[in-house]
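Note that the chains are named A, B, C, D and E in the order they appear, and that numbering of residues resets to 1 at the start of each chain.
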């Protein structure tokens, strides 16, 4: 057991024990399941004498989550032991993840499925905590709705969400992203090609780096109309700079001796670029592609606050806030999060394939 | 002094002249009140702010207030300084739109973020589809200026009499080359800027008293603004933290707003209320007839 | 006979943050076509720097240098030479086979020609079977051999080789020495070869340049009169040993410190 | 001198294109105006000048923007609420605070991710997801939520800047901290260096190029965050509020002036990071390219 | 006498995208305290891999390996050894002096101790005067010497040296050979030393391990009976030459290809 695991196990067990004691002295009929979880959590302290499998922690975390979710409404004002049980359950899930990843570490590649379990557990824990806290502490739903409400809204509004997704992601983000990244790359190469342009264009590129979206969005609407074209233009403006900066840095990443080799072949500029400098810049370029994948989405959504046809994720979010349909807003946010993560994930996968040679991908093995 | 926070519906401008004047002329101090005025903006929903505890009183439109009430923010109207609506839809003459019957097939600019209800209620009444289907109109979420009209991106746009309409006049448009649809004139107006508080706060007599004093001082502010438009406009400009307000524009706005407000009467007119609620129900903006959504305890105490 | 490399009063000084380093000073040397010249000298005496100057990778700060009668820059643009660096400098994103094909791609050889040449040179340095491996999957000596193969894959008339066999064991080294001699004999290339092994220098060269450090200069140029045809056992002949002794003396003279320490 | 000439050339090119574009983009409206005023056959030079002098142009001419900037900065007292310098300062202060916090958070997260396998697998996907949450949607909640507990002013805005700017730093630093070659890491292993020592003496210096590339992006995004946050918190002023009110009032020139100040601020900030990079490179003995 | 390194049936296989590479198979070897063991064998036979396994940088896939009676991991954590890699592996952002001080910093030596040791070892490898230079300002051989200095700067009882003198000329090499022998004699360190030079192996070692490739295995272990005190001219004695001949035979036997090619 590592130090961290030891600590987690001790605190989780101890907290369960204390909460169990509290729950027994409080006169509550309800929450039997919760008491059962606390009792079992207490008992998990025997792990310091008898080894306990990591799946036992998984089971405890799961039981805790179920117990918490089923007993939320049962109390008037939420008692202290309820919150302690929440922390306890969370600690068990953390302990489980910690142990699982240690167990997986030596044979990661063979265990892609189990590897996915870890972020899922983390995500589930987050959702349970969110649900329990918002409902347990009576957070006004117009400030932060519980995940269950968001889920219900997701299911109810699927056609709207889909139409918004097509409008924003497919029509605005993808073309804008492609054009923005490509033009960033091209300008970076131009800048690199000519020292004159480098001196002249780079400071102006910096100038463009933070043209605030809310400033350019109205202007783009003025120029390109209300539909997706103006959103794509905003995305172009937002993704351009990260690509420019990273590519310029990446093109200088090849080592002196690698460049010397190309010089001895009298390779021309383009050959050196294609065969040496672009591959060597790969990690930097992917860095920008990854940052841009989320930035593009933010840009398109925010741009829709400034005039759109009445469809799109940003439109729905802004009107949703105005109408206090916050659960719909969060359903949109959930769609945005899934779309953005998937987008990022695809790019990260491509990165692994393309820059397999970089120490950060090979795991530093020489 | 009792400390109260007022969340405005929009940025600091003469639309709120009464409150700004009352603060600046010390009318609130005279009522032993300590008022903080928070400006709004396109991304600030006053209903959300009050639900989160960020304000005690908000200025909002009734449609938005009632919709919020259904979403679980128990708002109650305590006073209604704005008697009429300033909302209009204008179409440049060259678009050849003379009557509502000419709308189908055209693109109309509408403000959202809680300002869209009157438009949809109107279209609902006229039986014009807004979902993009054939024979209906195309709706655009309009930016908060008149650019869509100048650019020709929309055939008609929404304006407030006291703000964007003035911009249109400035830009060389006038009644002779515009077709104007005034919501009030058409009888399609929904109640605009009213004062709303949370239901719970009305259970506390001390609070009710403070609200009463607040409304009294505010109405005094409205009256002062109506009588001294120049001074009021200057006050607005001075109180604008962003420094973007111009005297000329605020003066115009003060004058136009004065036409909508009745400084002598803060009471909510039940008839207009009923009409507003009915329009909201017809349009399914709210599902059930609201109960206890307005009170006269404050205005009765004036 | 024409001079392939001709250096007159060549000097090169590196500017560094804590003062200048004179890497080459007053170097005079002529290398004729078809010669095999070895450079030998203590570590840091400027051998690499001299090769890099020939290759137009460093700019001399004084004196003149011509390659095939033209400036180093033009010679480089003519692809007049192949260079084996002291470090392997393989590109990590290319397999060994692709690394060796790199110059061929750049010089526009056809795919089939590339394949044929890559195969031939990989056989020559005994790397067959490792075509699809990446550089980091190879041992140090194997990487060095891959970089030799890369320089031999295209036919430059001038070969600049900076300690190409340093990381190889005696047997492979003997083998590659013989192969290199055969190649030289067959193709009449001009070869500049940096080595630390005196026997290797004597065995391979028609001319041995002894250098000494601080500042880097040429202290001795030894013309070898050994026959062009050189079996491995030539290394036991008295002529061979005589030349080797002269090189060793030159080398020792260049070392300033050995008296104090040993 | 050899830096100034290229910049001037590029600038000149931009200005020329700009003036030409202004004629094209404003022509439509100018035609309407002229028709209305019954002006016909306006010579081209006059027409061009008209398009450069509109009150609410689609694209204001450069001199209009410069004039507005001049009027809103130099011609005013710096503390005046109308002064762009005053608003620029408000935005700058939340940008800088947000950037510092964001960089610190980003580096911290990157360190945790690189050193702890469980965090690597569980944290990263959720950090990414967090970035896809449209900031403008949660900004009001942040502002209202913090306002309810009494935190107002620069801090909530800076938090929003931080929220945007930490991401490029995490992504870049994870890559950077993992960039040392195997043999360099092996060396540390042979010394049985603690993770902390390996970090300070190897991973951190090796990550410098990535750190600076990320910080340049980060500071620019931080400024965007500051501006966006002002939309949800209009009380305090700032360039974002200026942009916004300019846009309500249809004051295109005012929007462009604020935009210019914001962009200039960004350029200066990015350049400052660039200077820091050069200085650090020099200290680290980097080989001149 | 206690075994410092003890390997039983040690095997190590690398998994690569196009099949497994058996780098070590069935290696049995015991190294006692105070021994000087040289490893010699063709390029790619697994010498580096074996040293890395001792250093706990690779995990054996079969067999057992103990260092000072404990697992390689524990030995590493005890800082039981100093390692000179085949490549210099200097950190480019540190000056030479700082690079050499690196292990001392990590092991918590005081500033003055660091300065003193850095100076001593830099003198030993004859790099004085280059303290403030960065690695890229050094020649190949100088970088290698810097990496040797770095490993010698702290006093490990076990030294693992992977071709440390490969890029050095004969004179410096002789000098460093003698210095290393003196150090070994004085401090009774145990040394594992990879080299490609047969004379060097014989001159330095008490035991010579001959390896052969594909799969990497130990083909011969030659105990040297030369006296501990070894002047340079011992290399002309018949005992010396006899051992060298045996090593050469072992080495040649390991080469599968030389018949086909030469």
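In this text, a contact is a pair of C-beta atoms (placed from the backbone, for glycine too) under 8 Å apart; a residue touches a chain by one contact, two chains touch by 3 or more.
It should be emphasised that the depicted structure is a prediction, and the values quoted were computed from it without experimental measurement.
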- Every chain in contact with both chain A and chain D is listed here as B
- Note on the structure: Between chain A and chain E, the fewest touch steps amount to 2
- Query: Highest contact-pair count belongs to which two chains?
  - Reply: A-D
- Message: Between chain B and chain D, what distance separates the C-alpha centroids? Give it in angstrom.
- Response: 34
- Note on the structure: Chain-centre distance (mean CA atoms) for chain D and chain E, in whole Å, is 53
- Centre distance in Å when chain C and chain E are each reduced to the mean of their C-alpha atoms: 27
- Which chain A residues sit where two or more other chains touch them? 143, 218, 222, 256, 305-306, 318, 321, 358, 362, 365-366
- Hunt down the residues of chain B that sit against at least two other chains at once, touch-wise. 42-43, 45, 48, 52, 143, 147, 151
- What residues in chain C touch two or more of the other chains? 17, 87, 136
- Give the pairs of chains that touch; include all such pairs. A-B, A-C, A-D, B-D, C-E, D-E
- Where on chain D does chain A make contact in their complex? 2-3, 5-11, 14, 25, 58, 117-118, 121-126, 128-138, 140-141, 144-145, 164, 167-168, 171-172, 174-175, 178-183, 185-186, 209-210, 212-214, 216-217, 219-221, 223-224, 227-228, 231, 239-240, 243-244, 247, 252, 255, 258-259, 262-267, 269-271, 287, 289
- Query: Along chain A, where are the residues that touch chain D in the complex?
  - Reply: 97-98, 100-102, 104-105, 115, 118-119, 121-123, 126, 143-144, 196-201, 203-204, 206-216, 218-219, 222-223, 241-242, 245-246, 249, 252-253, 256, 283-284, 287-288, 290-291, 294-295, 297-298, 301-302, 305-306, 313-314, 317-318, 321, 329, 332-333, 336-341, 344-345, 358-360, 362, 364-366
- Which positions of chain A touch chain C when the two form their complex? 257-258, 260-267, 271, 275-276, 279, 282, 355-358, 362, 365-366
- Residue set of chain C touching chain A in the complex reads 52, 55-57, 76-79, 81-83, 85, 87, 89, 91-93, 102-103, 105-107, 134, 136
- Task: Provide the residue numbers of chain E that touch chain C in the complex, in ascending order.
- Result: 14, 16-18, 21, 40-44, 48, 86-87, 126, 132-133, 137-142, 145, 162-163, 166-175, 178-179, 196-198, 248, 251-252, 255, 257-258, 261-262
